[in-house]
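I have placed the structure first, in the form of structure tokens, so that the comments after it can refer back to it.
We call the chains A, B, C and D, going by the order they appear; numbering starts again at 1 in every chain.
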Amino acid sequence: MKIDINSDLGEDFGRYKLKIDENIFKIISSANVACGFHAGDPNVMNDIVLKLGKRNTKIGAHPGFNDLEGFGRRKISLTKNDIKNLMIYQLGALDGFLRINDLEMQHVKPHGALYNLAQTDREVAEAVLDSVYLYNKELIVLGLPNSQISVVSGKRGVRFANEVFADRAYDDHGFLVSRRIKGSVIKDKDLCRERVLEMVLNRRVKSIDGKYIKIEPQSVCIHGDNENSLEIAKEIYEALGENDVEISPLIEICR
Amino acid sequence: MKIDINSDLGEDFGRYKLKIDENIFKIISSANVACGFHAGDPNVMNDIVLKLGKRNTKIGAHPGFNDLEGFGRRKISLTKNDIKNLMIYQLGALDGFLRINDLEMQHVKPHGALYNLAQTDREVAEAVLDSVYLYNKELIVLGLPNSQISVVSGKRGVRFANEVFADRAYDDHGFLVSRRIKGSVIKDKDLCRERVLEMVLNRRVKSIDGKYIKIEPQSVCIHGDNENSLEIAKEIYEALGENDVEISPLIEICR
Amino acid sequence: MKIDINSDLGEDFGRYKLKIDENIFKIISSANVACGFHAGDPNVMNDIVLKLGKRNTKIGAHPGFNDLEGFGRRKISLTKNDIKNLMIYQLGALDGFLRINDLEMQHVKPHGALYNLAQTDREVAEAVLDSVYLYNKELIVLGLPNSQISVVSGKRGVRFANEVFADRAYDDHGFLVSRRIKGSVIKDKDLCRERVLEMVLNRRVKSIDGKYIKIEPQSVCIHGDNENSLEIAKEIYEALGENDVEISPLIEICR
Amino acid sequence: MKIDINSDLGEDFGRYKLKIDENIFKIISSANVACGFHAGDPNVMNDIVLKLGKRNTKIGAHPGFNDLEGFGRRKISLTKNDIKNLMIYQLGALDGFLRINDLEMQHVKPHGALYNLAQTDREVAEAVLDSVYLYNKELIVLGLPNSQISVVSGKRGVRFANEVFADRAYDDHGFLVSRRIKGSVIKDKDLCRERVLEMVLNRRVKSIDGKYIKIEPQSVCIHGDNENSLEIAKEIYEALGENDVEISPLIEICR
């Protein structure tokens, strides 16, 4: 059994550095690299690509809205054409840095508000998927199972991988429970460990209402920008190892 | 005999449109496309690449400083590493749009203050050339003959093409006379015509002090953003045709 | 009888100039000046304030979303606090240029998507009004009659002026008919003339369904960025003059 | 005897936070607040002004080049008019937040490359001073003694205050020794303490070559963004207290 672990990286900007624990580099098999719109700048992108390349961590694009002030987390009402072009621009820009390091882009994971909209808004999902497909048919798109982008990817023939969260509650439809709802974020690391194992080994997760939901994870998303997240990440990493689940990049999982 | 004619295009931004005479598209063989830093945005880039692709006009990158307010015309004190990375980012971004249209980048012409610095400042010239070479050894860099970037390109093994201006005076060293000096800009279109023919057919130009200077033009730069420039451009285009000089993209000239 | 005529100005940016017919300066009594977020930059703001000051045209702030690429026309999901602070920042910045010219700000008219949201979204209306009131209780806010911002301004004690459009259809509730609906934009200048006179002299307008609606205009909005708009503006200006309606700035109307 | 202690604050942006030790708020009497160009955004500005206002810390503007990516530390070749307008815009924007808190601007300290250029380049010094004077004759400009901006302020009648650095070496002319030179930055906090006392009590400082230089400090600049700086700041603060030097805002020193 294999699973990918992905994380967002390269989200510094100019003098501003997000505190990322270096240990995250040992845990992940795929990195989502910011492309200069919601975060990242050419120097930051160059440095993170170099670093990931040396570790053989697979690299994906993490394109977002052009909104550094809002860190790409605010919805902006764009047309499908706007979205397509902002995707192509950012994929191309990241590919510049991959090219000079003889590396290949593995996947695409939209960021923040663009990610969220792609899960629920069919137009946005189509714009994202069409741009990825147009750019490179081999690219794998990361998203939530049962989402608009998941459904549309099937119709469009775009390679898609389900990502799951150790620390987030799911509802009976397999959707993430909104962060505004009590119990939506799980902070206990033992519980996170248990849930990930349940998802990866048994292909199911217990919903917030206590029902088992089928889930087919290809990647687990982790964060390295606060201590608790990294603790959970380490816990998951070890638990998977102890259960003979191999941490492998998406490319080896989505064949 | 062959010569390339190049012009800067795709320099709109959002709602802002520079008035470009459509006739320029019939005249040029190579287009320098803005990459979103000094001008251009993803939508603008997509549209101009599509338009140029349909006409079979060869496309080059026109990267500049990240200064939309100053249209890339203000010097910014960057390190060599900063320049390298802003080049890679912009080349990559433009390549995104070329890729989805099955087109290939032909050349690179830095814009505005970056162009000017690369002619006179060895460090900047090296940073520009090294980034282009790193990105793609086949790319041709456009610049002034006798400039720093011209000299360094020879040492670095980067493909380089001399561009000349019909409407600018040259000094005895073959450098452009500063715009601040009287007589540096030639407005008479007959004189422009005559000078271009002299440069292209006889490989020489008369300096502002009356001396003949050797020059080896591979490309003539024209502008389509004011009426007079376009008049001169048409004049040159016709004059070259009448003298059996074939307008050909750089790729066919710099073999 | 008096009426104000307002128009958006100072929406150039860097090298980019919107073509504005100079005749508009003779027609308007109040100008809405862009504040550097959706359009305008410090140089542009300085120049337009100087020009308006010389003509004694009253000046208002025209704050918008921080989205030059979208010209402030795309909705961005901001919190009330975000909106308050972006308003204060932009009002302050414009006031810098007024201060050095011994001029006073007369009014505030939000731009584009911010304007539209303030008409329909109570939260946005409150954020806009509260920030204006906090900044300067004397300022008059321009908006649509019967809108959220109009209703809330009454409750909040913020000075408010109704603006009307000569070239836009109204529905039976006195709201503007969406531009997407056929007949929503009136292009015939005689009809525009007639409608403005009906609104200003008789305080009513015929809805798109043929019913007369009461309306209390304090300002007519005109545009100078295309030929047809300016033609309509001139027509209105003359019609008002011929009917002894005095063109006066808001400050003389909203006492 | 009185001295001001100033520090740069409000230099966060969006999600990006610079780690500032809260203790700095107890030490300083004047704060230089970023105005949204090199750092700071409307939310950040609002929050820091509120916080400083509650503590009665005097507030000054800290305007910089419009270069978030370079944190305002890269030279940009602007005209005097460009500089004047970017100053007015930023002073106005900050004043918006002061106004809604019934606070008054005390001083102006240009940031980064703009600060450095104003010390050495007469044109920049004039542009900065003229804009401040135009904006508000009462404002005090902070800069280096013996610099261009210091000399020109005398001629222009602009209020000016000398700032000194505890941790920087001076040459025989009373200029700061470049950071590139060995010994230019003093890391020993006892030595910093001793030097500040020498400057404040005895109006002199020992140059890097061992000569005593006359100096007339009105403000000591400190930094709170790294541990060592804050240690030095605390040391200085205590030393001044022990020697009966009162920490007072500029407004009470430059009468």
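Basically, a residue touches a chain if its C-beta (ideal position, glycine included) is under 8 Å from a C-beta of that chain, and two chains touch if they have at least 3 such contacts.
Keep in mind that what you see is a predicted model, and the values were worked out from it rather than measured.
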- With residue numbers as the basis of comparison, which of the pairs A-C, A-B or B-C duplicates the interface of A-D in over half of its contact pairs? B-C
- Task: Decide which interface, C-D or B-D, involves more C-beta pairs in contact, and give its chain pair.
- Result: C-D
- Here the gap between chain B and chain D, centre to centre from mean Cα coordinates and rounded to Å, is 43
- chain C to chain D: how many Å between their CA centres? 40
- Message: Residues of chain D that contact two or more other chains, please.
- Response: 69-70
- Item | Complex contact set, residues of chain C against chain D | 36, 41-43, 45-46, 81-82, 84-86, 88-97, 99-100, 134-136
- Message: Help me check something: in the complex, which residues belonging to chain B touch chain D?
- Response: 66-67, 69-70, 74-78, 113
- Query: Which bits of chain C are touching chain B when the two form their complex?
  - Reply: 13-16, 18, 41, 68-71
